[in-house]
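The letters A, B and C name the chains in turn, as written, and every chain counts its residues from 1.
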């Protein structure tokens, strides 16, 4: 009879559990290391002048990240303007035409789109917009980011709308409300929390993207408000400063990283709150 | 025709069968149903069109390189812009080495997290804590990982290399793989946790009633059952690792030579594009870089589709 | 839904407003070399304060500058490498190389105590070819009598991006080492036999700074700003020369062709530093392409004139050699030859 001593088996069981717990907590440590260093090195730089001044020329100390903040906002606005209308409509399509053959291909395309490396999207935006336009621009950067945000919006819209029970739609239609109105004024508002969550998460995803901006938004030492011209952005600034040899610039990069992480974490937290508080329960 | 809300309610109550009221209503609506449905349909198509357009653009732009070099591109070992020879093998090797090494490291931790969250601590403080932190890990931008890696991980690796007697570059494949592994843990972990949590309890109960320890249940019941889901998660992580650019560029040492060891500097497909795209002078040079992007696109697409198919098949089985 | 449309329109209007407001202001875009970037960044900062014109220069490497100029996505390019045949052909129209200053490529390294090392041409070639692998190599000690160099491995650091600095460096090495010329050659992006790559002059400086025992090549100011040690080089006349303002300017004292595409490396001047190089702003001679406005052409010409005249005073404080009188004269001729739709911009 195969009698592996009970003792040994219990020991193995305890060891396993211990290992699982230890490994899980070890995986958690990088997060804390990252946060710790960003906070420790970054917080000393953050003050009002840091947030509102422009970067200084190379090698000079001082300066701030104002143009990167504004540029990031501009890029996010452009990306949202591009991806929201299209994304929500596509999400509606997918949730309304669930069984359609075509919807299957649409969904597949979304999966692929979501997995495309961001640098490839950057190349596409360069070829489609920068070259024909003859200049680097916030617009091309926004388009690249919009392409990355699109799958998030579509999928979250679809998921949200799928959860809304059909009777709601049918009741509205039965009352004589036209189909477009039903969708736009009854169904969509019911799923608003999920859509807003999707938007927040989409923005959180593109807020930190650098690769596609390398050859689209291009960067700038000045404050840029013109969407047809280059702009700076927070992740670009972090990249340029971090890979430079100047300790002053490194400190600025820590500060910028701090701002960026706080922003992204806030978006994630707000998204969670939106889901919890606002969700229309059926 | 100007109709106000009050009248409409009355009218639709009267003519609810459709006819008169529907006619009034539709002429007030800003959109007819068929137009709206067409718009929806177009939005649905647009995604497909976008994807095809991306693929076509990449393909056309890499034309000159494909024409000139053909398949030799993928096995060529020398990337020499001066001589006009573009062999992408060093970058394929760099990408494979970093991604698979990262995957190997990440799988252990992802699996641990999946089991932790799916089996042992399904709810409670420990569970929310680990879950939130893992989600946050996924949200940290790549450039910040690279920044952190450059300043904290690379000196560490340099120290280790000095102990081993290897050239203390600090940067290189090992550093890139380490950072990548941290970045891809959340993807396999979240999918793994879902599937492990979905293992039917009656299967587990049956095993327990036969006297199995938790460890044995996990090993012999849970994991085999969740096998495909875990595989899908692994594929997703791999897809992410292959395309990762910023963090890798910052710590991989940027050398175009074929890497000989994991301590050597290298370049991945993504990082060579980031390094050289803005300055590729010469048609074939630029086209070669776009061809690398095309390869990346195709490979990540295949991996993502494979992962998705596995997930779909899983839900169908259930 | 109505609210969403309102929000949408507001955001759209904001973008348009921002664009309209900023569109009135003239802005010039340039890209290219990191070699002169400290100088340019200072110059453009001053220029924007004095003239209200924002000049956005991104240091992406000389290769990038040339490429973006060819693609016509920037108004001017910055490069320490002269455009090659294929590039000239790709540009399709004549491109002027207007010199702005000269700098020096120095060999910088990370050794304990920051010793001042002397290097000969063949030593440099062999180090960067990977043939000399340790600092304690007797050949290095031969030129540095009396020095004690540690038994550390030499980690070569080079550029990972297309670089004019690399071009100057490899131009020099091709002149002094036949093996280098055959094996690696000259160019902005090379097939390096060994070493780590870093992006831009700042990247190389940063990596050398962090990696003990490493050696790389950067423009002088990057080594100075980071308090890094750099080597004295033996020039053609046999003297070991340290890269300074004076030795860089000496290297510029050669016959200059009218199109200013000249290499200063391996200079004949007895007290000249052998790794000096000019850096140029590249512009199209004919500015009227692609619907550019004449106002922009005038702004560009004014900028170029300022850079080669009043702007020169910012060079010396950061160790760049200002243009010699002869060089400045040649630059003036070039700037005056810029046309817009056939007419000279500068009267």
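One rule holds for everything that comes next: a contact is a pair of C-beta atoms (placed from the backbone, for glycine too) under 8 Å apart; a residue touches a chain by one contact, two chains touch by 3 or more.
A quick note: this is a predicted structure, and the numbers were derived from the prediction, not measured.
**Student:** So which one's got more C-beta contacts, A-C or A-B?
**Tutor:** Greater number of contacting C-beta pairs: A-B.
**Student:** On a CA-centroid basis, which chain has its centre farthest from subunit A's?
**Tutor:** Measuring from the centre of subunit A, the most distant chain centre belongs to C.
**Student:** Using mean CA coordinates as chain centres, what's the gap between subunit A and subunit C in Å?
**Tutor:** Here subunit A and subunit C have centroids separated by 36 Å.
**Student:** State, to the nearest whole Å, the distance from the C-alpha centre of subunit A to the C-alpha centre of subunit B.
**Tutor:** That pair's centroid distance is 14 Å.
**Student:** Pull out every residue in subunit A that's touching 2 or more other chains.
**Tutor:** 243, in rising order.
**Student:** Give the residues of subunit C that touch two or more other chains, as numbers and ranges in rising order.
**Tutor:** 31, 198-199
**Student:** Taking each residue of subunit B in turn, which ones touch at least two of the other chains?
**Tutor:** 278
**Student:** Could you please specify the touching residues of subunit B with respect to subunit C in the complex?
**Tutor:** Subunit B residues touching subunit C: 78-83, 154-155, 158, 167-171, 249, 253-257, 265, 267, 275-276, 278-283.
**Student:** Taking the complex as given, what residues does subunit A use to touch subunit B?
**Tutor:** 9-10, 12-13, 15-17, 19-21, 23-28, 30-34, 37-38, 86, 89-90, 92-94, 96-97, 102-103, 105-106, 108-121, 123-124, 126-128, 147, 150, 154, 175-181, 183, 204-205, 207-211, 214-215, 235, 238-239, 242-243, 250, 253-254, 257, 260-261, 264-265, 268
**Student:** Which of the residues in subunit A end up touching subunit C in this complex?
**Tutor:** 56-59, 74, 77-78, 80-81, 84-85, 130-131, 134-136, 184-185, 188, 218-222, 224-230, 243-246
**Student:** Quick one: in the complex, what on subunit C touches subunit A?
**Tutor:** 1, 8, 11-12, 14-15, 18-19, 21-23, 27, 29, 31, 37-38, 41-42, 44-45, 48, 54, 56-58, 71-74, 198-200, 202-203, 205-206, 209, 221-222, 225-226, 290, 318
**Student:** For subunit C, which residues are in contact with subunit B within the complex?
**Tutor:** 31, 60-68, 70, 84, 86-87, 90, 153, 155, 160-162, 184-199, 207, 210-213
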